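Just below sit the structures, each encoded as structure tokens.
Here subunit A shows up in two complexes: once beside subunit B, once beside subunit C.
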Partner chain A sequence: MADLIQLILSGVALGMIYALLAFGYSITFSTSRTINFAQGEFLMLGALTGLTVDVRLHLGYVMAVAAAAGIGAVLGVVLERVAIRPALRTGSTVAWVLATVALGIVARNAAERIWGTDDSPFPAPLSSEPMRLGPIRVLPQEVLIIGIAGLIMIAVEIFRRRSIWGKAVTAVAADNEAAALAGINVPVTITASFVISSAIAAVSGVLVAPLTLAGPTMGTLLSTKAYAVAIVGGLQSGIGVIVGGLLIGLCEQFTARYISTGYKDTPGFILLILILLIKPAGIFGKRSIKKV
Partner chain B sequence: MASLVALAGAVGVLGCAKQQEGGGTAANGGPAIKIGVYGPFTGGSSPMGLSMRDGVRLAADEINARGGVLGRKIELVERDDQATNERGAQVMQDLISNQKVVAVLGPINTGVALASYMYPMAAKVPLLINVSAGAPVNELFKDNPDNYVFRIAASDNIQAEMIIAEAVDKHGFKKVAFLCDDTNYGQNGCKKMNAAIASRGSKPIYEGKFKIKDTDMTPQLQQARAAGAEALLVYGIGPELAQIANGMQKLGYKVPMIGSWTLSMSNFIDAAKENGNGAAMPQTFIQNGASSEKAKKFIADYQKKYSVDRIPSAVSAAQGYDSTYLIAAAIEQAGSTDGPKVKAALESLQKPYDGVIASFDKPYGATDHEAIHKDKVVMGVVMNGQVQPPSATGASAPSSPGSPAPAPKQ
Partner chain C sequence: MDRRRIVLPLLAVACCFVPLLTSNEYYVHSVLAKVCVYTIVIAGLDLVVGYSGDVSVGHAGLFAAGAYTTAILMWKLHLPFPLAALAGIAMGALFGLLLGVPALRLRGPYLAVATIAFGLIVQTFVNEAVSLTNGSQGIRAIPPLRYGPIDFEGNHFYYLVYPLMVLSLLAVHRLAVSYWGRAFAALKENAVAAECSGISRYRYKLGAFILSAAFAGLGGALFVHIDKYIGPPTFSEQLSILFLIALIFGGVRSIAGNIIGTFLVIVLPDVFNAVADYQLMIFGGLLLFTLYFVPQGIAGVLQAATRWMLRGRAGLRGRALPHREPHREPMPAGAGNGVPAAPGGNGVDAIATRTLAGLDPAGRGAGLLTTHDLTIAFGGLVAVNKLDLEIRAGQVHALIGPNGSGKSTTVNLLSGIYRPTGGSIRFAGRELERASPHLISRLGVARTFQNVALFGEMTVLENVLVGLHHTFKGGLLPVLLGTRQARREEREARRRAEALLAFVGLGDLGAERARSLPYGKQRLLEIARALAQDPAVILLDEPAAGLTSGEIAAVDTLIDALRARGIGILLIEHHMDLVMAVSDEVTVLDFGQRIAQGKPEEVQRDERVISAYLGTTVHQGAAAADA
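Entry: the complex of A and B
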């Protein structure tokens, strides 16, 4: 029993990491129908910037989070200007996909130049001694990840549903021409969505690094998994990505524990294929009707 | 005034000519001898790749400072294989076909070696593997009687045998679990450990896999614990091995960890911190255990040249360094850069080479292309951020702090 709860906890922690990145995908998708394929690299840049601020400059973990959020926001603006806006103007889908992928490669190579190619440990802000709840042991950092990821997602959802800005985002998502006619500044709304999404990615980097190590390649696998999570949960749904994240996180851990460690990733991706076949908009996604 | 300008100009021209000489062509012996170097200079394997490359560079610079080989300078052609098999095949073809190198040093990763060894074999260019433990070397003779692949590293055959000997023979563990990564390296290691333990009439109680970049080892460790494993025998690279050590600490599962030589990598030691203490692994070279003058000088030179205190992967650096000298000695003896002649010279090196790892007297033969045999390998133990020599076996080594023979217990 204790083993089971232990396994569920580690699956949830893993799932929340995926969900947080997937959440970033869903934010930009809802305003511009585009996804930042450099999200994993932004996560990595956030983590490495945080590492410099925390370890080299001795400014502490909170400043590391702030610095990551800052660099993420700046990267979001750059990405939107350089990769997304020109593509949206010409109406080309291929262009933004390739442009964001290309920016990701540039970011990774830049990080290798600046920080070197090795994976470095990121000191945990809380104790690295596990907390004990009877026979169950949890790392404080895992609790922090679950907590902060939850808070970020709740905050963004409230913002999206309650504030006037959030309503603007929803309006742009629904119909950006009508939104523009109603006086909403569509380009600014799209830029803002990239700023938020990239800042979340960068902050997640600082959150996960104490568990995963920080290095130029740390984001690659995470962003692929997060993409699967976003598809499974539904790209347009905030709740969907959380459910998708937990589903895939738990799937991985349970398969590794009870079936075979070699097939760990298989069920998650089988799920992905099934969802694409049966409900392409994702478990929680609404089917979008594309008008011609 | 004009003469002064002319003089400055002349000096300038001379300076240029001199520089060119150092960079590519030598005046007396003809063009530089190109030697290919490939390994992972990025990613999780990079401590090994970069240390190997830096060791090679150090040796090449020394050789060139002494006047080179056959009166010609050595020119290194370095390529990053990114630890991926396809990339390894590409860079090898580039080295052989485009760069026309005389010999190749590297690689680190078993998969890369498997994907690329056939090109030098076909082109009759010696490949001196200086880190990869899992690559086939003597096994290749069966299909390639004219074998161009050599190694200066402890092969997985030796390592797996030593790991099992440490766990089963020395500590008397009855129940051991294997945890190996799912690359060619890890799986090959697992296979060799299985063979070694089978020869003792036993088998692992649990066999688990993990992937590169896996960060959570809870399922694997739970299964090992549920099976009642008394020790974890691991095969992988630094970052993931550190996740195993950290996962054990998280789950409160304390058993000895014994595994591949990669437990000595800086990224294992740094990421596992105190959780890595006691991890034991086969080593050909231990920075803290260096006893010969040659080894001490090598460490001092490395530290000075690259401004580091601890060599990220001392084994890779030392093997890289020695491999360069061996290939240089073979070219010198062959009196030519012709592949078959260099190969023949490697197989019958006349002059003993006093290396960093050990003294090599006729390291290779016509049917044995392994320079490292069991007598040149010892078990090292991670202790407080360093790999320490086992005081029990390394009599000449400086004693490690604390108890005389640190048993691999957490």
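Entry: the complex of A and C
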């Protein structure tokens, strides 16, 4: 029983990281119908920047989070300018997919040059010893991930629903031509969505690094899982990505525990393909009627 | 054109002898043979990305399916290579079917992610199914390609892969210029319009993926013999991305582009070997540069450059090149001012002979398309409510009503875009409620669109050729083999398309790009495309909207000409002069309900029609309130 609860907690923590990344995808998808295929590299750059700030400069974990958010925001602007905007002009899916991938390749290579190719441990801000609650042993970092990830998503959702800026995002998502006619600066809104999305990715790097390791390839698999999460939950739904993230995080932990660690990565993708066949808009997505 | 016919085959044959120039194993085996193998995959990928406009980041999975099937069959069952390779191609095609299913319903990021997931699942399976694939160890014990005196090992491998590459490129080229290529392009530009022109989305979307996968499978089967070793790390998402990079570098929809792009992707890493640490950065940077400054790829640049040079030369000689400039002949009589050419002449065989022949021969006035209690509700909104309609051969049935009264929805129901929630649609003795748009088109119900839905990037002639899709009876094989039958079908379709264009008065505009036509001519082109489908019934959704009075007169003449041929017409229109002039019967809708039906002059006098269009007067409203 204690084993089961620990398993669930690990699954939830992992799921929250997926959810954060997928949440980032959903933000840019809503404004520009694109997602950032360099999200995993942004997570990695966030983690490594955080590592430098925390360990090398001895500025502590909070500053590490702040630095990651900052670098993420800058990367977001660069990505939007260099990769997304020109690709949107050509109107081809392949263009933005490849452009963001290309930027990711450049980012990974740059990270290898700056920080080296080896993975380094990231010191846990709280204790790295598990807390004991009766028979259950809990890693403090897992609790931290769940808490901070939850807070970030709640904050962004409130911003999106309550503030006038958030309304602009909603308007651009619904119809960017109409939004432009209503005086909303659509390009700026799109840039802003990439800033927020990339900052979130970078911060999740700092969150997850104490559990994994920090290194140039740490983001690859995480971001790929997050695609699956985004689609399973529905790219247009905030709650959807959380449910999707938890679902896939838990499935993976259980598969690894009870089937085989080799197949740990498959349930997410199988779930993805099932959803695509049954309900392509995602569990929480709405299907729109196409006007002819 | 003719010069290319001679030069290209000569060049292709000449390249076969490249290994005679050098015996360097590195150049021939590691570079040239590899370029050939990858080019086969890239050419196949072009079918999905370039021609069909979908995205696949999962082609490494298809490549793996071909490679592993071939390797396992040769290693464990000792099958000869040709059999094992055929099995590899078949396995690739099967996996392509699986990969293609999501493409039927998804676009953009959704499809990209689904294909990534597909690739990862295949890679995981290869890694974990150790008893079959040898897991992370990979397969090494691949028998040599030596059968008696025939030896394809080492540099001789090139003599196997090079001809296969040429054949693959030829096959893709033939597909691209055939009705298959037009179907891909039509679905890419406007899936709904393509389906309503008789193109099955299932057949051609899945077809593109399956064919593409077959090429990837062939590439995989050959890849096995490059290093005589395959292992899971090769078939990663990175490989899928590398394929895409090669395709985009070179330029889509171009044989030269496929070869150049592949060559660069294979050679560049070696070129940058000196700066190995920064290799990926340079690669990524180059890719960004290409996407930013030359989105059409290197082949696109070369094409533009040659065109520019040729044009310069032609300019010196004082004549324009024929293939770029649409040839303008003097307009035929009656075709001026957009008025259709007089019926008869060439137009006669252009339009269906099956129109009445295949159907009830009772002729004029016989009911063709009838609806009974036709209803559709979107949530709580009943857009069309219990509508009874009858469209008769050789008669014009007008459907009018205020905006939002359900007219276009009715057309969408009749053409299969929406599924009715109740009632029936009968056509030629068949129930159509659940039929797909392309089947409805095939049966003989064609339509035009309220918001013009042409294939803007295609030429005017090609738009009509899409409508003539149903005249191509030969399947895939004749196209790939370039048989006489396939060529004859293409020739005949082109002749008919020209005749149809002449019939609607666009005879001299066939080579123009559809999007560059003025609005009124676009509407006429839509009618030509609909007529190409040999319709017994044609649904015209506001054919005169946005036209000048001269153009409206042309539409008027055209409708009369169609009626004279016995075609049943459903006309949706706001220009009442036109409606009253051409209609045999008028149905008036308001809020999805039929409020009047009858001869034009009867409907015109109907109280309810007048109030629906103009609103009730204050006096009547007050009276109603009193009552």
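To be clear about the criterion, the second predicted complex is superposed on the first by the 284 of 292 C-alpha atoms of A that agree within 3 Å, B and C clash if a C-alpha of one lies under 4 Å from a C-alpha of the other, contacts with A are read in each partner's own complex, and residues count from 1 in each chain.
We take it that contacts are C-beta pairs under 8 Å (C-beta built on N, C-alpha and C of every residue); 3 or more make two chains touch, one makes a residue touch a chain.
Remember, it's a predicted structure, so these values are computed and weren't measured experimentally.
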- Name the contact category of A:Gly262: first (subunit B only), second (subunit C only), both, or neither. both
- Item | Greater residue coverage of subunit A in the superposed arrangement, subunit B or subunit C | C
- Message: Going by the contact rule set out at the top, does A:Val65 touch subunit B (first), subunit C (second), both, or neither?
- Response: neither
- Query: Looking at the overlay, does A:Leu45 come into contact with subunit B only (first), subunit C only (second), both, or neither?
  - Reply: neither
- Message: So in the superposed three-chain picture, is A:Leu7 touching just subunit B, just subunit C, both, or none of them (first/second/both/neither)?
- Response: first
- Query: Of the two partner chains, subunit B (first) and subunit C (second), which one does A:Arg137 touch, if any: first, second, both, or neither?
  - Reply: first
- For A:Ala230, select first, second, both or neither according to whether it touches subunit B, subunit C, the two together, or no partner. second
- Message: Taking the superposition on A as described, I'd like to know which of subunit B and subunit C A:Pro216 touches: first, second, both or neither.
- Response: first
- Message: So in the superposed three-chain picture, is A:Val156 touching just subunit B, just subunit C, both, or none of them (first/second/both/neither)?
- Response: neither
- Item | Partner chain(s) touched by A:Ile273 [first = subunit B, second = subunit C, both, neither] | second
- Query: Touching subunit B and also subunit C: which subunit A residues?
  - Reply: 112, 260, 262, 265
- Message: So in the complex, the part of subunit A that touches subunit C is made up of which residues?
- Response: 25, 29, 33-35, 37, 82-83, 86-87, 90, 92-95, 97-99, 101-106, 108-110, 112-113, 224, 227-228, 230-231, 235, 260, 262-263, 265-266, 269-270, 272-273, 276-277, 280, 289-290, 292
- Query: Which positions of subunit A touch subunit B when the two form their complex?
  - Reply: 3, 6-7, 10, 13-14, 112, 117-121, 130, 132, 137, 139, 208, 211-213, 215-218, 220-221, 253-254, 256-257, 260-262, 264-265
- Can you check the complex and tell me which residues of subunit B touch subunit A? 41-44, 46-47, 50, 182, 208-211, 213, 215-216, 218-220, 222-223, 226, 238-239, 242, 249-252, 266-267, 270-271, 273, 312
- Which subunit C residues qualify as touching subunit A in the complex? 49, 53-55, 57, 101-102, 105-114, 116-118, 120-121, 124, 127-128, 192, 237, 241, 244-245, 248, 277-281, 283-285, 287-288, 291-292, 295, 378, 408, 412, 417, 449-451, 453
